[in-house]
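Once you scroll down, you'll see the structures, which are given as structure tokens.
In what follows, chain A forms one complex with chain B and a second complex with chain C.
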Partner chain A sequence: MDMGLSIGFFALFALFGSIDYATVFSLAPFMNETAITIIGLLLLTGAMAKSAQIPLHSWLPGSMEVKRFSVNKNLPTPVSALIHAATLVTAGLYLLVRSSPVLEYSSTALLVITLVGASTAFFAATCGLVQNDLKRIIAFSTISQLGYMVMAVGLSQYNVALMHVVNHAFFKALLFLGAGAVIHSFSDQQDVRKMGGLIQFLPFTYTAMLVGSLSLLATPWLTGFYSKDLIIELAYAQYSFSGTYAFILGSLTAGLTAFYSFRLISLVFLTVPNGTKSAYLHSHEASTAVIIPLFILALFSIFFGYVFSDLFVGVGSDFFGNAIFTHPRNISIIEAEFSLPLIIKLLPAFLSLIGASLAVFIYHSKNGSQFIIGLTDTALGKKVYTFLNGKYLFDVVYNNYLIAGGLNIGYLISKLLDRGVIELIGPYGLSNTLTNTGVNFSKLDTGVITTYSLYITIGLLSLIFLVFTPILLDNSIIIIKEEMRLVIIYLAALVLVSSNSFLNKKEN
Partner chain B sequence: MSSSMSRRLASIISRRHFNIVSRAYATPVTYKPHEKDPQLGDYPDLPWVSSQELPAKGWWDQQMRRNFGDPIQEYDEVLSMWGPDIPPVPPQKALFQLSLAISAFVGFGFLCKYALVPERPTVPREYPYSGLVRELGGLEENKAREETEEIDEISLLCHDF
Partner chain C sequence: MSTSFSSAHRLYVKSLYRRMLKNELDWVVRRDIWRGRAMMIRAEFERNRDVTEPRALAQIFEKAEASLASRLHPDPYIPPSMPGGTKWERNIPPTIAPIYDHMAAAHH
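Up next, the complex of A and B:
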């Protein structure tokens, strides 16, 4: 999809004659809206691949988990914390936020961005519900939060998207580093079903991950609350189709996020131990070098939003100056702050509370456990579980309908072209032809004098024919130099015809 | 005598051969006679079995599930451990289920569009200077909502008094 981004750049250059930000942004209002829409969508394809949006998301969870058949370990957790929380995946977001002066002039592109973001947020949250790999759960949570950010961009709330990028970096890095500490201390185990009861062994890591999870699910007044909750409110405050779509899916996602976060906390730290005894005996709190970053990130996950929210997303804040452009008709912060009914404002927090409580109840009470086990006893339940656990089966469809097609073309090219046509007219064919010609010519050596005289006669006739054909054809004067083509054709024909194995066949 | 012996020997050999095959490939392989690809030349024509289907343990190369010196299948890119994963559900079923999910998202979108959009409780914001037309580049189509001079009932009432 970087190809899409490249085409976007080419289109920008073709339309504006420059890819300099200042030039593009100052000319954007005067350009054809359809052209801007196409450019916006092309930029979106780049952002979708980088920021793991549907349908280009499958690389992100894949890079986290232990590959099913591999004995090699996956990406180191600090790398996940840096790349998948703070830097790489947010590059797509940065592209979209930075391109705000272009995107603002295409309502279609903004609509598509909102729909993609909201769908991704919900999709990833539903997948995260039933994952069993510790890092993969956090990876799906990352995709879900990226969906929120893209959604905010689509709703023209670039500053809120950017604040969520920053906030998300804090609590997601905290969660990843916490997960790394757990995995390292627990004999490199990543399967949450084989953990449990670790609160007794890793109290600090538990605290850190709890803080990260609470911030992630937008617990009021923690960091995540100031951006995530606002995105959902801003969606409603649009009073439009895309806003409603984003609001409903965003609110549901908030509930699901709370559920899978507390499912993770319950299965890893609370409930009964499900791991091996030796793993528990060897588990230990991480060293100071790990604890210090966890502590700092935990502090930021709690206080950053409270301290900096007015700077980033406050009504009338000019923090971003000219870096971000929001068209006046798309500003909805006033409506979000002052026109929303109380129930709508409280809904995401309420759903989060329900989700979190439900997870704690289900994974701690006997009835809840039986209920969750019983879900997969029915045929439908099993299908739904397989579908969600298999990430909506995107990978199966991609593998069988896209990757397989590509591999087949590869094999076809290899068999028919590389080892077929090119080989026949290339190295193998040439050497074979020359060998055959040699073999066939050697057969002419019969030792019979009359045969030799026949060869001499044929040779003489051929020469005469070669020399006089031009005169017969167009009555011009004979110039052998110009008619070398005939000689070449004659010689080539001699070699090729003689190379043919028809002589051998005759013998056979 | 000798013919019955040889028959018994042949049956034992075939049975032993079967045992070896079943040990090497735990998943039963149905053999379909096919013409050998002439491009293979004298290279062994190996069965179409993905390494992912073989038992996980007991190999010289644990990760790639092959023993030392085992010839590699011609289509190794597809059949090795690094090839595309064997689908956990039949691909057609997966396509159907994914299509259902996508339809659900689209259907929900239509539901939102036609039934769930809340009514705007306020009048959309208006901007002075003809909707900031000059500030936004000077084009009419890019300007914000223009101020409308509506005479509301309250001001009319005030005027009456």
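Up next, the complex of A and C:
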């Protein structure tokens, strides 16, 4: 998909004659909309791969989990926190935000971006519902939040997307580091099915994870609330097809986010202990070096949004200056802030509340557990569980159909081109030709004197022919160069003709 | 205790019992709920305890394997240090032997 991004840059250069920000952005309004759409979609492919959007998301949970029978090991949690919360996955999003002056002139590209983002948010949230690996749950939550950000870009709310990037970095880093603290203290156990009751053993880590989760599910006035809730409101305030699509999926995802976050909290910290006794005996609160970053991140996860929301997404804030361009047609912040019905504004928070309480009920109380186990006992429930747990079977499709196809094509290219045609007319063919020529020439050595005199005659005739041909062709003065050319052609022909291994076989 | 079953047979039955119990725990998670189901699985095994006729046994095993396969958990629990687990082969100590053949030759 980096190839798509490269082609996007080439297209930019072909269209604008420059890939300089200032030139491209100032010329964008005057360009053909179809061309801008193509460029926008090509940039989107790059962003999709980097920011783990459907259908190029599978690398992100893959880097978290251990694939059975593979040599790839999962990342240490601080690395996960760094690349999945703050730096790596947001690069694609940053590309989209930075290209806002181009994207704004293609409503088609924006529509596609919205659909991709909203679908990804929903898809990842549903997958996260039934994952059992602690880090994989958080990884799917990351994909889901990236879906929100891309959705915000598609809705032309670049500043909100950027604020969600920043907020997400705080609470997701907090969650990852908290998860690392849990895993490390609990005998490197990552499976949430073998945890439970850790609130008694890791009260500080529990608090940190709870703050991160609450911020993630947009609890009012925590950091996540100021960007995530706003994205959903802005989606509704567009009053368009894509906006409504994003609003519906975004609201559902908010509920699902609350569910899987509190499922994690519930299974790891709250319910009856399901792990081994020795793991509990050895569990311990993390050292100061872990507690300090968790504390700082928890503070930011609580207060950052409240302090900085007016700067990033306030009505009429000129914080971003010319860095971000929103077409006046697409501005919906005023509509979202002042004119939405109260029920629409409260809907995501309401769904989150339902999701969170449902998760605590289902995974904490015995009746709830029996209810959810009863669901997986049915054939349909098992199928749904397998489908969601298998991440919509994207990996299966990729591994069985795409990757095998790619390998086959690679094998064909290697065998037919690289080691086939190119070898035959290249190095192998050349050396083979020369060898055959030598073998054939050596056969001329017959030891019969009359044959030798035939060679001498033929040689003399051809030399005379070579020297005098230019004069025969035209009456100009003999030029050494032309003559040399004939000699070379003659010698090459001699080598090639006499290299024929067919002659060889006949003799034998 | 003398028994009419071969040791291979007993190993197989034990393996089947363990696989069923583990698979059930993967689904159920909570041990207090799992306990009831474990007892049901045990009861099923006990019911067929005295079946010695090979054809009847083969039928029972076939049925049991089919029901286990239909209930198989897609994401079974693997202990961290076991093959396929999250800690498997993590931080393997470097080999003592030289990595390349030419290093194996004694220089001094």
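Quick note on the criterion: the second predicted complex is superposed on the first by the 404 of 508 C-alpha atoms of A that agree within 3 Å, B and C clash if a C-alpha of one lies under 4 Å from a C-alpha of the other, contacts with A are read in each partner's own complex, and residues count from 1 in each chain.
As a working rule, a residue touches a chain if its C-beta (ideal position, glycine included) is under 8 Å from a C-beta of that chain, and two chains touch if they have at least 3 such contacts.
Not measured: the values here are computed from a predicted model.
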Clash or fit (per the criteria above) of chain B with chain C on chain A: fit
Which superposed partner A:133 touches (first chain B, second chain C, both, neither): second
First (chain B), second (chain C), both or neither touched by A:390: both
First (chain B), second (chain C), both or neither touched by A:327: first
Between chain B and chain C, more extensive residue contact with chain A: B
Touching partner for A:189 - first (chain B), second (chain C), both, neither: second
Chain B versus chain C as contact partner of A:272, first or second or both or neither: second
Partner chain(s) touched by A:376 [first = chain B, second = chain C, both, neither]: second
Partner chain in contact with A:427 - chain B first, chain C second, else both or neither: neither
Which superposed partner A:366 touches (first chain B, second chain C, both, neither): second
Which superposed partner A:438 touches (first chain B, second chain C, both, neither): neither
Superposition-derived minimum Cα distance between chain C and chain B (Å): 6
Chain A positions touched by chain B in one structure and by chain C in the second: 68-69, 386, 390
Interface residues, chain A side, partner chain B - complex: 29-30, 33, 68-72, 105, 115, 119, 236, 239-241, 243-245, 248-249, 327-329, 331, 334-335, 339, 383, 386-387, 390, 392-397, 399-401, 403-404, 407, 410-411, 415, 419
Contacting residues of chain A [partner chain C, same complex]: 65-66, 68-69, 73-74, 131-133, 187-191, 193-194, 267, 271-272, 274, 366, 369-370, 373, 376, 382, 385-386, 389-390
Chain A partner contacts - residues on chain C that touch it in the complex: 26-33, 71, 74-75, 77-78, 80, 83-90
Of chain B, residues touching chain A in the complex: 39, 52, 56, 62-63, 65, 75, 77-78, 81, 84-85, 87-89, 91, 94-95, 97-98, 101, 105, 108-109, 112-113, 116-122, 124-125, 127, 132, 136-137, 139, 141-142, 144-145
